[in-house]
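Accompanying notes for the structure given below.
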């Protein structure tokens, strides 16, 4: 009953309607295999949206995720080229750690220096991109330079699903457990919902925000490898502007930009919603030029709907009984 | 020593094709002896970015600008200003409207390229079939011209049915997704023509991932270094490109001739370009460098480490 | 507390104008600007040339026009991330009108009008529906640019009349471009509006505490709406200038400009959380950003490396006073 | 009665930039006893609470538990040491459930270190039951009313197995019935042998429940002892440093002609059928229990919320008030209850705060004239004897009482005809209260009409010419003269007895 009225239910409904609409024009789209492919394609967005969700929950925002992803992806590719013998797991671990470190830079600037998160990540966004140019000398790393195991990991199938999808599933489950069942997870909500009160319950607001940035950074690092390995190419501009998709997914998923409000289900559904639109437009034969306007309209609609459902129900002090004389 | 400064302005830094062109330009500079080459361009492929670059080149009073443009018209005012200040301006690869340059160097003639990309697909489809085009951005000048030229010669390839054109915006992920979309929408698709070096690589990857190697042939314009994997995997039978090293070399030579040796850009003029011979200008002040060259399994090894 | 009827005379201020000035952000920023200017002059022989400097102003004039209005908006505690998309849509609208033979005055009116309409749409969503401006404008950013991409498809509009070129390519006098003149006039207009009018006072009040401002009789939503309108209008004006300068319209026009505008505003000392900031600060920040990009451009530093400088400058200039404050405490 | 205090503070000092909030204070708490901490606003009571609960670290002095010095880095450390507090501000999380609010920071864990949700729910349920609250621990806090939230705050404090329980003005937001329940709870805790620190400005409740007292003044320790040994006047003398006249100021002027008439004001959810008149120079009291809808009504009169029906007449002319700006133009101003949020703009200087609603007068054609602003600001702030360094000082640097003066100066500068004061003395200490009362009488004498919303019977009785009682959004009585008795007020406000007739003035 409460589920039916929740944001997640509304979003699930919207997603189903969207799929039904697409199916009328292209029935093949809702074939299980294709849906699995869409999920796989949306995996990076899901992973980053979850990281971003945690950051937004703590009243921050991370505009640097896409740049972080690109930098980590480039480092993964360069590592692979420089040391073809290096096991892929080592590379994955290394770039995840690197992503976490870049997130930590953001987090420290917010926590210790007290610069507003939007300013910090606006700055690091451009810096990270610039660093990619410096370390790669602006050159591409191409498919034939990468080793086969490096490229194979995200697409090798496990129980019928590519590893990339499993990564997303693992991150979904991991974030859900973190957010619902750990003290740290609950403190994300506390810090964003009421930072003042958080101090009174012994939660260090700055440290919690820092942790959120580290988490978001680590997920961006992991996605950096997945991205580069999947598309088998690395260059300065990969995932340019992707941070806006990530934030849009969160917004559609009902993550409150002012902090403290949001759920794992919402973020995942928001990402899937965008993913389905992205994947469906080319096949239902809507001109690709419509894509941007559609996702813009979706964001605005979602924001309006969310604000409607969240509006405080006015307290009723008047009794609806007999009228007073 | 009196240095001649020639600026090679590209669409954006960090694209393999242009890096190769810069190599050729360096070669020309070395050959000419007194040339200082400035290889530059904006961060992403925008006209605004190129204008900023042009302004700073004007300020440095370079001798010549050879540019591959992001926008036919938007650069005209800035380049006109450059010409007013006595700077030689030519465009190469992707052209600028005639008002904004003295001449334009086409890598090859547009009709030849338009014909080549469809021929590459048709050669492997004796019985004809559905093919689709995966282009760069919707606004890329040369891709649009080539697709137009291709459409003109289509009747000469009976059975080849172009089912659609999509745009990957020269982004790897978008091109990949568009290619995947094409294969879903048109299950009988036989070939994807991608006249862009970013798109062709992404399309080849998409074909491999969809398990359609052998069913869908990816072809178009690409760099041997980037396409070596696709040829190897069989996702692409063959593709074409002109030699970007030669292109950069020729552009530099032409710029030098116009700015230092008194060559005049006029209809019918024949301008020498070092080891590449001479370029003949048409009434639009354009000339074509050479035919595109086809790469396949037989010669890819030889070229993949060059550009 | 009331044990005395002794009335002390309260002084107006304890600090003098010079003291306040010396401690201000603008002075710090001005020092940065002078340092960059000096560095540029030493690093490149081409820098100290009025024509070159005049060309260099194009690096910031259009962005600064938007930045002035954005500064007011951010001081009032809101933000508009859709400005670059408004530029694109306004430019598209002008190009579309051009197909019907509309002349220069008509084009300008359409450009400004589209900007106003977009601003009104944002303002409506924020003030009437009570939505957060950051998410609203992330949405309208896609929407506005999406509409221009629908209209333009894979085409481009060009062939603007010669008289239209005056905004982006004309000169008022000697090296003073039309854009620079517009920039200067707007700097004064916005400076007076923010610092010398009741409206400006209301902007600060709202940015510091919207509830208390409302309870003090400030028409909060009206002021916010006007600010969105102003920002839209300035984006429309920037679209006129940029379109005139480029002589063509494509859907990717002004891509990423919103972040540069916000960077300029924040660098100018405007608190991103609202409540404080000045127009002189934004003016200096505009020059700083213009000088950095132009100076590095003269050294043929690639744009992306320049952006490292701008990013580091942004963080550094904001971190420095805070770090010093922390060390002192 | 044991002589070793459970908790002892020795020479604790805490300074903020520019303020010494605590200056070497002492405090001892004993098991099974309630110690009242009293002092004026800003005496440092809440600062002491925050120091004891690890939110602030003291700059000097020591805190001892059972004679052993302790140090707290966070609020959790203090909880672990057995100190728990109900803070003056609500410090809860709207988006979390009741159970999570109670246990955040010390939730029960499973073997794997995860939060044991089932156990948390169970324990929350029994804890709530033990304080007589029938709340579902799984509901989100934002779906609860104010009183329920307060119960959650109390449950949270009790969820820590504490030996010391601190209550900082716990009754300020509670109704009479809930206050009684709280007293019962205090008795239970006492019986369990906990040491209780009770902070309040209300002398009646201090005398009712406290065993000992400690008095602070301006951050300094003034004295302590047993409640049995003092009377109210002595305590006040210690608190304020002088004796305070507890008689309400005499009213010499009688109200003049009718000025404001409100007819049939209605609101969809908050109030209905409000009709009353206000005369010149009159003080009209509005009495009711908390949540009776008085603030909503006043905000509607001031144009913040819109009435769905009804008209408002001033000088026999109908005025339409759609926004505070309209209200100010019509001569009605409102001093809000929530001073921190709705009153002053703390980051702006004093003079800008004062002139904000009067800018139309100080400016010319919309352009500011600073000289005029300073003149206007000076006139009114000096009249109120504002204590500040300069008019350019940020309001945030002023003490609470002086901030309130800035707000009042702001309204007087508009030269209003009606001033609405919403709970003007709530949370204000006894000394400042008398000043506010005197000031109100002064305003009325000068011909201003005053509407005073208050929940305190003595204040309503002592200050008003006439009192309107509200209950559940409706006017239930209008009392004046002999009919204005405490019993009548309580009866009408609580809805006891069916008698709803208006008693004529």
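Letters A, B, C and D mark the chains in the order given here, with residues in each chain numbered from 1 onward.
Just so it is clear, a residue touches a chain if its C-beta (ideal position, glycine included) is under 8 Å from a C-beta of that chain, and two chains touch if they have at least 3 such contacts.
Source: prediction; values computed, not measured.
For chain pairs A-D and A-C, the one joined by more C-beta pairs in contact is A-C. Centroid analysis (C-alpha atoms only) places B farthest from subunit D.
Our note on geometry: subunit A versus subunit D, Cα centroid distance of 43 Å, whole angstroms. The centroid of the Cα atoms in subunit A and the matching centroid in subunit C are 30 Å apart.
With centres set at the average Cα position, the gap from subunit B to subunit C is 37 Å. Across the assembly, subunit B contributes residues 13, 43-44, 138, 167 that each touch 2 or more other chains.
Annotation for subunit C: residues 153-154, 251, 256, 302, 304, 307 touch two or more other chains. Screening every pair of chains for touch gives A-B, A-C, A-D, B-C, C-D. Put simply, subunit A touches subunit D in their complex at residues 177, 180-183, 186-187, 189-190, 193-194, 196-204, 260-261, 312, 314-319, 324. Put simply, subunit A touches subunit C in their complex at residues 109, 113-116, 118-120, 122-127, 129-131, 133-134, 138, 236, 241, 244, 247-248, 251, 257-258, 287, 289-297, 299-300, 303-304, 307.
Listing the residues of subunit C that touch subunit B in their complex gives 44, 46-47, 49, 51-52, 55-56, 58-59, 153-156, 158, 165, 168-169, 242, 245-248, 250-256, 293-294, 297-298, 300, 302-304, 307.
On the side of subunit D, the complex with subunit A involves touching residues 53-55, 74-79, 87, 89-96, 100, 104-105, 107, 113-115, 117, 142, 145, 268-273, 291-293, 472-474.
Contacts from subunit D toward subunit C in the complex involve residues 242, 302, 304, 323-325, 327-328, 334, 336, 341-348, 351-353, 356-357, 359-360, 363, 366-368, 374, 378, 381-382, 385-386, 388-393, 401, 410, 431-432, 434-435, 438.
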